[in-house]
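Think of it as A, B, C, D and E in the order they're written, each chain with its own count starting at 1.
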């Protein structure tokens, strides 16, 4: 678990509005290569939006986001470049139901990275093994449990060999038994040194793997700190309040 | 929590078939005013059907059911009379989605009981307060959470000032957090001395409020007893087996 | 030019009625038969040497002119009345008249009507999209009597309505009336009234602007008529084409003169046209004449020598 | 204040047309627009060239020319001397007439059938299923010609009513004649006395007012009709007030006063009085000459088209209604019943308000279909817009381009106004959800 | 409260229900005679059925199969002494082939039949995804070119070259996409095949035909008629309109204003006018819109208009399918770096089309029924043929037999298709839960 000095993501003075609603306000955030960041905060605080801005599923309106040296602006080539560097895992998995697990995993490498099919399959099997479901490769997503589906979604992202992974509440749509499967996979990934940004309320996970925990509220970064400090000694009142709720829950 | 000697419901030798399927067999049950009865039993044992016979959502074919002195037979006047005395809460709430919460609650009093609108509204607000959601009165059911919806459903029944309430698994379609809201409401009702028949598997609820627990299997009443005895000292083998499952769950 | 197109295509496109007893209808084998059809076959025989080389394009009253104007058909042979506007405004050339018709009325005998002027207040079935409805409106207006028009798309439906008594009288070209009456269960119970309220010269037509083609069609029709006049029939034509004393017959049959070449065809063009379905009289007899169920008398369509109007200009 | 993300305004490179999200969409749209304009230009150019070749010009002058043909069914007065424009107007009115009548009947039949399909009576439900499947799966054109054939073949001709011992008799007190030329029903007339009575009443109708003089669009307005409509509307308003009052009383006391006789009364009594004052009477049809005279003549072509369209569309509407009712979960009815509501109230307070939301949008698109299908009128000789403008007028004037395009335009306008109304309705009744 | 406690020692067995609940009596009571209202309804229905059957059956039973003309029928029937007449089936015997195939040459009728059979084979992998291997989709693709060739005949080269146009388009896109970018590549991939189809195919196929003259007899479309014409117009229109419909649906969903409004305008225009006016355009105006000298035959023109008509409806069906897809699918495709066209092709359309199949089938049924309208512009579809048949002196005056025969044909085909689409809808709904 080492962090290089290289900057993976650099967000400065970024602002975003939905219509007239100011959803992200003056976000400044630098993520180094190999860092593992957990973002938490109350519902509606803009966590998902922040994450989605990083691979431009949402467009920001002011400030800059530089991912791996590429600035996200209206130039579509840059967007394509960033997206192929950044993997994303969604809350609701968003697997492609009409394709088998294997096809889900090979689709993007073949069509975006132009990897030969054989190689793509090998790579997919490799990552499916990593998430411990190589035997499900020929099934369709609908035939898998939620936890398995989410692991396929992780494998699918990994197949693009991203340098950065984004997770948006990857476990919140899962039943308790399945959450562990997925968290284990993520911890493994973290241990290999992947740069990760993860929106989650799984405090155990945060304490186990995060280098840094960021707390957002009202579209702003309210507090950030290393996990131990963050949980045991929150500075801001908002954070304290939030943490007490989470734990009381 | 007192029980009068008056009989609220008297079911004798009642039988019901669905086609050739003998779903209720020789049911004999006397409920006194103020009694709170919990009915449990494996799925398909006829609990819902029994409850629904009491306000004639289902017709029975043999035996008699007398509710509050009125016998349920093919005379529609009797049916109307019984229905306006008996409130029912369903598993899936069955609120009217095109009416506001308030309109849901005032509809029956106005059209069945011929209560002046103003009074009906007052009464509705009274009961909405009782279930702790007076502020939602102007919303539509679709805008409420499941727990809130079920509480509206209870309030809606109460607005008809029924002397008897029937509940058919009122909490089983709810998320865990919401179950408590609803059970609390029901407990409050019980404490006020309402005659209640409740199909539920919430054992905590049964122990807290029931005077009597009835266990049904295969369309028959297999065992009944007061809650403490029932749970700790079940007599019949079927009951023991059932309870072990429930608790093991 | 149309002639070249037809030759290149190897077949003649002929706009026909989609179904009119005696004039045009497909038989059970899908072959088109009828009086109007025969004209097309004759032209095909003259131009292409094969009376079967015709593609029939069924048209309705509404679609027929567009079909011809847009070049979809080379010739429209579909009981079409020759009028000034059609000739001048719609820009078609009528090449002749193959049937002199007039609009008449048919009524049940039981109605006790003997003149169209007694039809005040009657319900009249008419086929729409033709000149018929205009004639009808004019006739009743001029005679200052009222009527109730029942417009109908096809002859078959008109017949059905008339027979069921849904209209008191059915009006269309007298030929059509006769044809229709012929197919009744009891033809004798119906009379065709004496009034013929319009002149309906029916003939084949082609587009303006291609006179060579118009000439070919016109003279093919004339050849059929002349053939009857000179007694050339499909049975004796082989014999006659060995040469006769009558120079006009010789010119028609191509044994004398160069008329075929003038038309851009070969010498035997008219011979083939006549052999296709016979001369005018034969065509008439076979399709609509008195020996057929339709049983039309020659009347106006008799040769001029017999007091009719069919008069072919000289082949000279 | 943070910098905005389009600072590099000066450094425009052509490749940005495609790879810059700011320009890309504009590029694509301009390409699409140019393509579209080219297509239009090409079509127009072809058309101009073709028309020139045919020696035709484009213009709508022909609409003013004498039509020369008669129209049997006319809602406005018309003769063959009128212009093509007026003939088209009559056609349009006929289209609207059959469309409106068709929608009304289709709705009634559709609702009845849809409800009966859900009936607990096995036989009735089965018969309705057979009806729906039969009508839905056979082309509407076939139904139109078939119903025409049935009317013609099964009903007696007027001549059957003739003679001392007629084969057929008028029904409903000798006032309605069913013939295979159509149905003759009594027509409402004003102020004329019996022919034989010398007595001239002081009661008389108000007469007509003609608008637009001699123009093609002229029409007469019957003052009698206006008076009647005004009375009717006033009666309905008062009736509405009575209902409001009943609502108020119910709100105040809980008891709803019985008002139906009042509500009918205020509508009907003034109407009857007015009719009496105007000298209203029914002109009965009577056999005279070839036909029945007098009365209103509903022609076969109209009836066949009307019935076929209605019953065909009703089959679809029945499915929509059934679906709408089934979409209301059984739980809703049960909950309402458990509250003690009676069957009728459950229907009117719970089921229908919800079902209507599901039913009305597809219902309106069925209305649209029916209106469009009414253009098949020519198959039975009903002179609607297609029969006049795109039929005889086209044929007489040889103006394909103008007549066909004009016809399309008119139908388009009708369709757009119907679907516009539907959108407004949809937005107004959307169920509120989270 | 000791009295409360109760334990059942002996379980009750299941008992027979009262007779009034089950068996024939129970069924009759609950389904036909429950309450006076239902009883009345039942009696009315029974009478209705009786009246209908007793009036139609005697007419239907009529041994006139062999009759050669309507008059012969009348004789046969009156010999039987029937009061209300009887059906005349002779016309069906004589003309059924015409009603089915139009004027398609006798000896070549195996071709439309084969096409129909192959159509089912081609549709199988689309309609019954589970039962048939996806590999068969190749045949479905090939069928698109095989079917017109079978129907119209001609040298084999023409359909092959037309198919080659698509291949050209595909490779043009593939090789140029890198060099000139996607949009330009798409334009090229559309333009090249069109140029190929317009200018190259004719000469090349002639050339090839003169070298290897492999072909089957040409059958011109004017010989198409009867039921076959209806089916063929419907099938061609739906097949082509699927492509157009997808384009229009994507256009309508697009964020690009102009593209969107062009699509909306087209769709609403087509849906706002009656089909019959479009057919009039086909019969009277289309030739005017085309460059001078072009001459499609009327059936082709009708097919063009029917295709445009169907594509507007298909577009709406597919739009429904697109809207039914969760947003997450689009986002996941974006996040994986797939561009617009790739995500449409690989992710969105395969799913949206599958959801749309029931709607497409319904559209087809509607279109198929509407093909009867072509009789109004003089084409000889089954209804048009009834006119021609009645123009035959032998059959002048015959009505019910022909209409009945046609109605039955349509009923059978439409009914089975609508059953299929209902089945599919149910299956899809289950699959979604």
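Definition applied: contacts are C-beta pairs under 8 Å (C-beta built on N, C-alpha and C of every residue); 3 or more make two chains touch, one makes a residue touch a chain.
Everything numeric in this text was worked out from a predicted model, so none of it was measured.
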Listing by label each chain that touches chain D and chain E gives A, B, C
Co-neighbours of chain E and chain C - touch as defined: D
The chain pair joined by the most C-beta contacts is D-E
Taking only the C-alpha atoms, how many degrees of rotation bring chain A onto chain B, rounded to the nearest 5? 155
Would you identify the chain whose C-alpha centroid lies closest to the centroid of all protein C-alpha atoms displayed? E
Of all other chains, the one whose Cα centre sits farthest from chain C: B
Between chain B and chain D, centroid-to-centroid distance (C-alpha), Å: 50
Nearest whole angstrom, what separates the Cα centre of chain A from the Cα centre of chain E? 47
Centroid from C-alpha atoms only, then distance chain B to chain C, rounded to Å. What do you get? 87
What residues in chain E touch two or more of the other chains? 284, 287-288, 376, 399
Would you give the residues of chain C that are in contact with at least 2 other chains, written as numbers and ranges? 62, 66, 153, 160
For chain A, which residues are shared contacts with two or more other chains? none
Could you please write down every pair of chains that are in touch? A-D, A-E, B-D, B-E, C-D, C-E, D-E
Chain C-touching residues of chain E, taken from the complex the two chains share: 71, 74, 94-95, 98, 102-103, 106, 220, 222-223, 283-284, 287-288, 295, 297-298, 376-380, 384, 386-393, 396-397, 399
Okay, in this complex, where on chain A does chain D touch? 13-15, 26, 60-64, 73-77, 79
Residue ranges of chain A in contact with chain E within the complex: 55, 57, 80, 83-84, 86-88, 90, 92-98, 107-108, 111-112, 142, 156-157, 160
In the complex with chain E, residue positions of chain D that touch it: 15, 18-19, 24-25, 27-33, 36, 43, 46-47, 49-51, 53, 119-124, 127, 133-134, 136-142, 145-146, 149, 153, 372-373, 375-376, 378-379, 386, 390, 394, 400-401, 404-405, 407-408, 411-412, 415-416, 419
Quick check on the complex: what are the chain C residues that touch chain D? 61-62, 65-66, 69, 85, 89-91, 110-111, 119-123, 128-130, 133-134, 136-138, 141, 147-153, 157, 160-161, 164-168, 208
